[in-house]
Every structure is written in C-alpha cells, then in structure tokens.
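First chain written, first letter: the chains are A, B, C and D, and each begins at residue 1.
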C-alpha cells in the first residue's frame, strides 16, 4: 500500500543547469514519509507530540531523469522495513503518468525519545499503524 | 562600526536564470546579524541560552545587481536602531572591492522571552553590547 | 480577483524556534505569483519561453503570527500595480479559515528580455492577461 | 590529498529538532567538491565554461552525530574513483578537532556536455588535474 504525494518544482528549486537541484529530492522524500505518516493515522506532528522523533541515520538516492521548473513530481512512498527500533522508507519519484521513473531512494530512521534523545522502541500502537504500508519483498 | 561577513554563492543558491535566487539574500542578512552578534560578545547562541529570542517582524530588500555562482558576497551589517524592545539591522551586500552595491535591506526584530514567547525588554548587558554597532544617522 | 494557493509547512521549513523560518515566506510569495500567472493563461514557464523574465527589484514582508510544522498556509496574491515596464504583486498569508493574517508583503519586478537581460516593455497580450487580477485601490 | 572546507551551521539550516536538517549535508557535500575542483586548478565555474557539467547520478549519506546551530562543519573531500566518463567523490563531515565523525557519504557524477546534455568523456587536462586528489584504496 504505497502512499502518493504530489509537489510542484518551485522556481527556487531550480539551479543554473535549468533543472531541480538534487538536494530537493531529499526534501521530497520527507514530504512522502510525512504523508505516509498522515495515512497511518499518526501524523508526524502527532508522533512528536507522543514523545518520539524519527532520526535519520542513512539516506540514498539514484537520479535517472531531471525535473524542470513547474513539473509535477509524484512521490510514491512505502515502508521497506519496520522493526521495533528502526524503520526504512522507500521512495520512487515519477512523472504524472506514473510511467517515467525520475529517481528512487530510501531513508533509514531510528525511533528516538524526544526528551532524552536516546534510541527507544516505538510503542505498539505506532508499530501496528505502519504495518499495512510495508511493501512486499 | 559595521560588521563585515563573507559568503560564497553556492551552486544550490542559483536558479534557472543563472543567478542567485532572491530568497538567499534574506539568509545572507541572517548571517550578517549573526556575525554582528558574535562581535558584540553575545553570540546569537548565547543570547538564546540567556533566555531571549529575536523574532523577525519586518524585512525588506532592494535588489540592484545579481550575484552569480561562486561570487563572493560581502555583507555589511549595522544596527540602525536599538530600543529596549526592538532592534533594526541594516544590510548592504557588496562585491569584494566594496565598490559595487548589489543589494540593500533591513530587518526589524522584537526581543521575546524564549519560554513564554512574549515580548520583553532586553537586559542592560545585551543593550550595552549592541550600542557600539549603531550607525550614525 | 485574488488568486489563492495552498502550501503545507514542511519539516525542512522549521527552525530551532519551532516555527517556519522567515525566509520561506519569500518562497511562498513566489508560489503565489506563479499560481497567479497560471491563472492569467500565461504560466511563468510560458512567459520565459516567450522571451521574458520577471526580475525581482524589491521585496518586503511584515510578520504577524508564526506558522508551525504541518500548518497549511493560504497565500492570497493580487496584482497591486501593473505598468508596461514593471509589476507589483501583493501577498497575504492566512490560515485556512481566512480569518487570521499571518503575514503580508509585496514584490516589485521589472520585465526583462531573457537574452539581453535588459529592461523591456511586456507585450500587449501579457499586459491584458494580468489586468483582471489587479486589486482596486 | 583530501581537501578541507569549513562552513558554519546557519540558523536557517536548523529544524525544530534543534539540529541541522539532514538535507543540508547534501549541500555541504557540494561545497566540498566545489572546493576540491578549485584546488585542481579548474573551478567548477571554469569546468562549466569549458562546456562540461557534472550531473549527479547517485548520492548517499550516513548520519552519526548531529550538528547544532553555529557549529563549524569541517568537510573533508576526496576523489574516490575517477574514470573517463564518471567521477565519485567521498566526504567526511567532522568537528573542528577532526576527531569526531558526524557523517560520511559519497556522490557519483557523469561528465555531460553542457549543450547537448549527453554523457561525454572529460578532456585529458581535466582528468589529469583531478588525479592527485584520488584517495588510495
């Protein structure tokens, strides 16, 4: 059950090559996982208010085709792995037809206590909410 | 007694016009006032640790000549007005020769209590530290 | 005839004060005028392809109430003045009820020839397209 | 022969977790390779003027320890692999003592003709200039 988000390439996102700067993809990934969280019933805001933060520990992206100004970016987000201590999201960035893959990537996060900033086990309710979004592989 | 900061235009800062995007100037202003704070003896980090934050209430910028990738931006920052409740910084963005004015602007800030988020009067030590940086006019 | 745009505050947009950083407002203004251009029938992309660019010459913003992570920002954009050589846009940033004004601002732009980078007069078709969006005042 | 760059964490770079947002690391990597290019005798600006662009095809980053506002980031950049068609840079982000590793990562780029946007072989002068910066491994 992947979650789909849409975002337009802003003028600010372009660089002098005339394409969206590659660092924006990392921000689009974040939009994707924020939207996936929203779909679980726990918005990321709610997760933080519950006392957890998701700290990024690794990120990767393969760039295949550039986006240009005003293009619509379709972000397809899945949960690739979900353990009690960490979670890995996968991302595909596509065009609006869904046929063209512009980029793919992933991010790994630890569940961390918001106050102590120490790694913790996510609570059962949160874990259960993410389960349906896990991709089969 | 203006304070001078230098920053290079990053590739990320450029847009498809081939120049530094205008929103970066607002971030460069922030670098200028951060450096001015450092010169007062109260780094902005120390100001926050002392329980104050400087909340932006107004900003303005006039753009005269663009910057290009890898250009060095010289930020000249002064205190234009300093009251007990608010402070106004002025900025000039120049080239490295100091002769060419690329942009000028200002920002107005209120002193706010970090916890209550209410407007407060800055303490005397901070006020005194900023005094020498006030421009004559 | 104002044009309304909506954008969510991204995690990336927040700063350590826990609110959206003030430089994002300048990017939101750009989204507002991009959407207004789209409504005129000339997307900003089409304007550039027609050989024109809109160069920012002045910008101003008054900040009244902060936005927080995941808040929805409603951007209300109008044409405040439209001459043959320059155009001034006005912006109001509101909450989703429309009742709370978070910020207001403006930007002034010159019409510039894309190749020569010299100020020019916008063509009649473009001028006519922007006319209905001019605010009464 | 690694190249060292230094950059301060800007207020704008922080997020509501109180640390530098992870997407900034990708921009810091870019500063690192820009500075490495400068050391080769071909600034990245000169490379582009010579008719080449370096298109990012892959990026990866492991995050170990966060940076906070006003921290100084030391970027250590090397050439990990340099072929006729592609180049891979490695990055370590450290503290000013050099002892603490905050993050490590890499980026892979293709040499592309600036006009045709097609992959090309970098010219011999450029290749020779990068050779001394290749790490031993």
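Observations on the structure shown:
Simple rule for what comes next: contacts are C-beta pairs under 8 Å (C-beta built on N, C-alpha and C of every residue); 3 or more make two chains touch, one makes a residue touch a chain.
Model, not experiment: these values are computed from the prediction.
With steps allowed only between chains in touch, the distance from subunit A over to subunit C comes to 1. Distances between chain centres, each the mean of the C-alpha atoms, put B farthest from subunit A.
Here the CA centre of subunit A is 34 Å from the CA centre of subunit B. Annotation: 24 Å between the Cα-based centres of subunit A and subunit D.
Centre-to-centre spacing of subunit B and subunit D amounts to 28 Å, using the average Cα coordinate of each chain. Of all residues in subunit C, those touching 2 or more other chains are 11-12, 17, 23, 27, 30, 69, listed in ascending order.
Every residue of subunit A that touches subunit B in the complex is listed here, in rising order: 11-12, 14-19, 21, 23, 69.
Across the complex, subunit D meets subunit B through its residues 10-12, 27, 30-31, 34, 43-45, 69-70.
Partner subunit B is touched in their complex by these residues of subunit C: 17, 22-23, 26-27, 30, 53, 55-63.
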